[in-house]
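Shared between the two complexes below is subunit A, which pairs with subunit B and subunit C, respectively.
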Partner chain A sequence: MEATQQVKTTAVKGTETAREVRALVKNIYKSAHEAKANGRKVAYMMVASHYDEILRAMDIVPLPTENYAGLCAAKRDMDRFLHKAEADGYSQVLCSYARIGLGFDSLRKELGRIPDNSPDGGMPLPDMMIGSSAVCDPRFKWYQATSRYLEVPTFAIDVVAPPPQADLNQVRDHYIAYQRAQFQGLIDFLEMQTGKQMDPERLWEAIRLGDRAWQLWYDIDRLRVAVPSPMPSQDHFSIMVAGHYYSGTQTAVDFYQKLYDEVKHKAENKIGVTAEEKYRILYGGGLPPWHTLWIFNYFESFGAVFAIENVYRGFDPVQVPSHVQDPVDYLAWRAFLRATRYHDQARTRSGSPAVEKLLGLIADYAIDGVVFHACRSCRATTIGQTHIKSELGKHCDLPMMQLVSDMVDLRDYSEAQWKAQIGAFMDALAARARRA
Partner chain B sequence: MNADSRYFAGLDMGSVSVKALILQNDRVAASGLTPAGGNYKAAAAKVMEEVLARAGIASDDLSGMVVTGLGAQSAPWDAPQLSDISCHARGCHALFPSARTIIDIGGQFTKAARITPQGSIADFLMSEKCATGSGRFLQVISRILHIPIEEIGPLSLQAQHPVEFSTNCAVFAESETISRIAEGARPADILAGVHRAMAAKVKMLVKRVKLEADVVLTGGGGEDAGLVQAVGQALGLTILVPENPRLTAAFGAACLAAEHKRT
Partner chain C sequence: MSIMKQIEALYTQRGVRARELRQAGEKVIGYFCCFVPEEIITALGLIPFRIQGSQREPIDEADTLLEPMACPFARSCFNMALKGQYEFLDGFVAPHSCDTIERMYHIWRSNTPSPFNHLINVPHMMGPSSAEFYKNELHYFAGCLETFAGRKLDLEKLRQAVRLYNRRRALLRELYALRKAVPPRVSGTEITKVLVAGMGIPAAEHIDVVRAFIDEVQQRPAPRPDGLPRIFLWGNEIDDIAFIELVESCGAHVVMDDLCTGTRFFWEDVPETDDPFDGLVQKYLCTHCPRSLVPQAGGRADDLENRFGYIREFAAQWKADGAIFYIVRYCDTCELEGPDLKEYLTQQKLPVLMIEDDYSTTTMGQLRTRIQAFLEMIA
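After this line comes the complex of A and B, so read on.
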């Protein structure tokens, strides 16, 4: 393993279907280049903002800039973009996804062309940029900053969720009305940019495909309760591409159906990720270390498999009331229900929806230990992690470990430190097994 | 290896030094250490040869061995490898059965662990990629002040007005130390300030694993009386220190080798 670590960043996948994701990723950028050549509109966009189906229904080709940052890291070709952004004055404590995106756009402006040998051909110039407040603040501000390099229209949508303590019956109507207005604002913006009207039937069709794909994704994760684990977290970090970057398309539905069939077969036939599954690990939170995904195989060399994770499939399926007949109303309702899925449960126990979700995963997936990844430049997924870990410790007695680096900036990673920590974590898992 | 003998070895290949210890019937028969230098294999072979000679046995007389430390993968023997946190925990538990929290201040990292009454790890944390939280900080200051590292502890205890460092970064602290020297600050006061800065870092780490008495400070940092005092003051309790803190992980490794044999 040692000899390959310096050049290999990716992990060996557990499923065959996950190996098909690379083609899906390449197609994101290829489709965007083709769309530009054919006069179709391309939009920089932020995933997990509940508006994917609107873009699909409006024939706008999505170009997810965060994904491009992860791709650069997996290719270990991020430094030139990070350095460029930092040379332009963006601090190293700012989101490294954003720094890669800003650095790429800055370099392209300076060169007058896509930087040479950019991963997967680079990103074409977008026709518009659609930011979002969902998940974190850089996603709202990033494209405003990008306006320094690109003169294209920008829209930033607000995505809201009530706090866990809120009386949902009291705030529901207000939140849904506000969210609907935000979606309508985006539709108005897109209609202005494209000169076309939104077709409600096409939006319903995109929603149907989006919901079907996410339902299948949820069903796949439920199959993963099987022992031994039929699909590890490193596969999840690949297969999330369909759910987030192809949401609202038949491609995502077909992909997840195929993956579902494979995982079901593995679960039913007890085909596990490793020959001997000694420990089942929960990836408790934090963005994955895209620069060093082989670390999951390193855990497996000790018989530790990441059985499930708390990242990317951020929403469980929800049931929007049948009286909702308008597709934009539906999107607003769905966003509200997704965001408040664990609120009632949180009020009765820990007070934290995140802790409740983790406790549910620990019980359902027969978890032996929890690993968190603190990313220095990702405040959204890192702030609160120590608190969540501490709160979790009040309700379960499992070894837990927090690894620290960054999602894409390799300067925050130390292999020696990680291996030392992982060694101690394995000892703690073994000690717990002996006690049991 | 001799399956019937009662000799067990622990080898701790740390970033600064390689430590070896031989247990005979649960008592320390011999121990030693040597600088790691740039050649872990050679250092390990040298120190093992020395302690085996001191114990009056050959390597074939050993019944078991456990290797630990950052350089464990370079060990010239095919022996089980365990994390140094586990070895420190086991060593501290054997020396101080009441220990529930251990702090290992080593050359590269500082680690804090909460341990069970049986001596296994309940929770642990390592210092971040930052020299201020490790023995490396002391080495830097030792070089600037031209004071041998073993004299830092006793000298710092003579401090009257410990310097307040305005930074938590070892690199900036280096330049700050030079400024303070220029201002006429006494070395003892500078060293006490360094200890306070390190103790503050240690306190943050220990609080995150949930401090539980008794607390043992082990690793090279345990040999620095000034640092031990500063950590005790920061945590508000008395700190237990092994007689040879740098050898605790090697001792724990030898204990674990004996345990593995028994089970």
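After this line comes the complex of A and C, so read on.
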């Protein structure tokens, strides 16, 4: 372990504000430990489930277990947890975030305490676990399996989205009604766990803060159309912490306001990420390689900057109709509108909301090439990349490549192979530039 | 033709009957998994066809369009579609069973579209609001299918279809009861053939096949006691006999299962409710499958009992001596469920062998030693 921990994993950031994220991450686990000590309720939770504001309004301290897995990888301290989960019978191809979480909980149970030197002090025992079916299957199933190691009340909600071909006028009502019922089910569960009623005013307040933060985040991304790029994707993979793990709090709003000011200043003064920006790259999808984030700086050494990305990106702002007066209704509407944001557009062109979104980014951000990252153990963000790549190719003529590894499991990564692939990709970018 | 020959032909040449029907002017609707009510398709005068893969053919063409870390069953199905082996489908219906099927629906639809394509969203949660949502999804599906079929869904026809499929379910349970005998009257290999044969033909025809097969089995002389271990099989898609044949050839009887291609799709009846959609929702939503989350019930022990009690009963009634899990690799929900079920069954003193495999007959040889060792251990 000692030897591997020496290896550099992080990337050099482009913005000052992104450097403050480390403290935000540490604080997630620190405040969870403090909350436990003070008798407040702590919950394992899944980000991007559209329920953050409910947790905040109910005073639940969120513990994002996926983030913890990413953190372990960034610290190159994942193997002991992966191996433990595998020894307990979990497949080596199961989502590696889930394997790290299960391995951590298994070790903690076996030792009767948090495993020594766990990154950022480790996760305290939660009072409850709240899964969700948003994004992928493991996210609603993982906590059920975790009950093998810790017996706490466990709950999950569905988050549903219609396929792009569905007639939204016909399905809208039942999707929103179901989403509302799922959120209400969560509120009922939390009321039972805390013995407190949910205060709708507090929920509105959390929603207001959540929407404000995400609007600022979106505005920051819009500033990133500037040439040269004022903020690269490696910064995005840090700064998303505020939007995903602090959603519904003033902390997130303040953080994004500060970042907005910095990015705006950089954009206006043409302060770029690299001395010479030759190519602008779109990170087309897939979870980032947390184990090897310096790879983004490796691209930069060729003058290639990741100008924008399509993962962990804040949802585009949506306009919930004004007749929606109840905060839970609002959350259901917002989830539906977020999920169907590109549906109409998809029906008139490529048929795929993902392709539409990427085409929009390619045009707006003056993109020269697209890079995808296939993660062997994440079905949800990987399956479809090849297809999207080929569909994109029908609408634009850009060099594209797919790097393969895993978001945390190093056994699926080969530096030599990546460097060779990146070399070939750079040649393709150069050839395209010459043609132009 | 003897009934076994007929089953053999239907099992090996899976699309033949569907093609014939199509040539005779019928419309064939292909679908995946256990969450698409065939009753609705049948009631609209269309032929449901359950899409299967092929463990015997390499996945060659699909890899350029679908990542190799997707479930190989799904990849195999898509591979066959790309090669034109599903060109006879007039419709393609995917339930949102899992990440892979949901993602693949879009890829399939864009590469080999059928005249009719539809995705049914199936809740992962169980509860009143999930039932309401799924019912709405079924209504929406039925509406789209009505437009395609050019006729209205007659609720009386839907009730008839419910009764028809319930008849088939009852017959299949009757067939499974013949496996309770010691030794079983019918092998696991034969059962798989009968079930898979039925996936590509109308239910009414399958009913005749199963009836004739049961009659044939009942005329067989009772097998002599052989003392071989009795195996309960758990997993996902086994639409080929290779694995079960392997287990049986190692000296065991496969006597009961909980598989997508076994009891999971037929065991429970559709209740005959006033509104037939209510009955459909009740049955399909409660299908025992790791992709559906059973709400937590009490502490760990109660929760496991609540989730897996039916398997304990299956194993007891069919007198299983051991359980083998056959998990098609990359199926996240099965991979997460397996260790829990193993813990539960081990507590029930039922030894478990957990196998993860690639949905390919080429890997069978490597499994033989593990199965033999397991059988020796439980003997």
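Simple rule for what comes next: the second predicted complex is superposed on the first by the 429 of 436 C-alpha atoms of A that agree within 3 Å, B and C clash if a C-alpha of one lies under 4 Å from a C-alpha of the other, contacts with A are read in each partner's own complex, and residues count from 1 in each chain.
FYI, a residue touches a chain if its C-beta (ideal position, glycine included) is under 8 Å from a C-beta of that chain, and two chains touch if they have at least 3 such contacts.
If you're wondering where the values come from, they're calculated on a predicted model, not measured in any experiment.
Colleague: Have a look and say if subunit B or subunit C is in touch with more residues of subunit A.
Modeller: Touched residues of subunit A are more numerous for C.
Colleague: Is A:M400 contacted by the first partner subunit B, the second partner subunit C, both or neither?
Modeller: So A:M400 only meets subunit B here.
Colleague: Which partner chains sit in contact with A:A424 here, subunit B, subunit C, both or neither? Use first/second/both/neither.
Modeller: After superposing on A, A:A424 lies in contact with subunit B but is clear of subunit C.
Colleague: May I ask you to decide whether A:A156 touches subunit B, subunit C, both, or neither, giving the answer as first, second, both or neither?
Modeller: second
Colleague: In the overlaid three-chain picture, which partner chain does A:C136 touch, first (subunit B) or second (subunit C), both, or neither?
Modeller: Touch partner of A:C136: subunit C, not subunit B.
Colleague: Could you look at A:N38 and tell me whether it touches subunit B, subunit C, both or neither (first, second, both, neither)?
Modeller: The answer is neither, since A:N38 touches no partner chain.
Colleague: Quick one: classify A:Q325 as touching subunit B (first), subunit C (second), both or neither.
Modeller: Touch status of A:Q325: no partner.
Colleague: Go through the superposed model and pick first if A:Q197 touches only subunit B, second if only subunit C, both, or neither.
Modeller: neither
Colleague: Taking the superposition as given, does A:I383 touch the first partner, subunit B, the second, subunit C, both, or neither?
Modeller: Touch status of A:I383: second partner only.
Colleague: Using the superposition on A, tell me which residues of subunit A are in contact with subunit B and, in the other complex, with subunit C.
Modeller: Common to the two interfaces on subunit A: residues 386, 390.
Colleague: Quick one: in the complex, what on subunit A touches subunit C?
Modeller: 88-91, 93-95, 98, 131, 133, 136-138, 140-142, 144-145, 147-148, 151, 153-158, 160, 162-166, 170-171, 174-175, 177-178, 181-182, 185, 351-352, 374, 376-377, 379-380, 382-387, 390-391
Colleague: Show me the residue ranges of subunit A that touch subunit B in the complex, using the header's touch definition.
Modeller: Residues of subunit A touching subunit B: 2, 386, 390, 393, 399-402, 404, 412, 414, 416-417, 420-421, 423-428, 431-432, 434-435.
Colleague: Would you mind writing out the residues of subunit B in touch with subunit A in their complex?
Modeller: Within the complex, subunit B contacts subunit A at residues 70, 73, 81-86, 108-109, 111, 113, 116, 118, 120-126, 128-129, 208, 210.
Colleague: Which stretch or stretches of subunit C touch subunit A in the complex?
Modeller: Going through subunit C, the ones touching subunit A are 64-67, 69-70, 98-100, 103-107, 109-111, 117, 119, 121, 123-125, 127-130, 132-133, 136-137, 140, 143, 290-291, 293, 296, 299-300, 303, 327, 329-330, 332-333, 335-340, 342-343, 354, 356.
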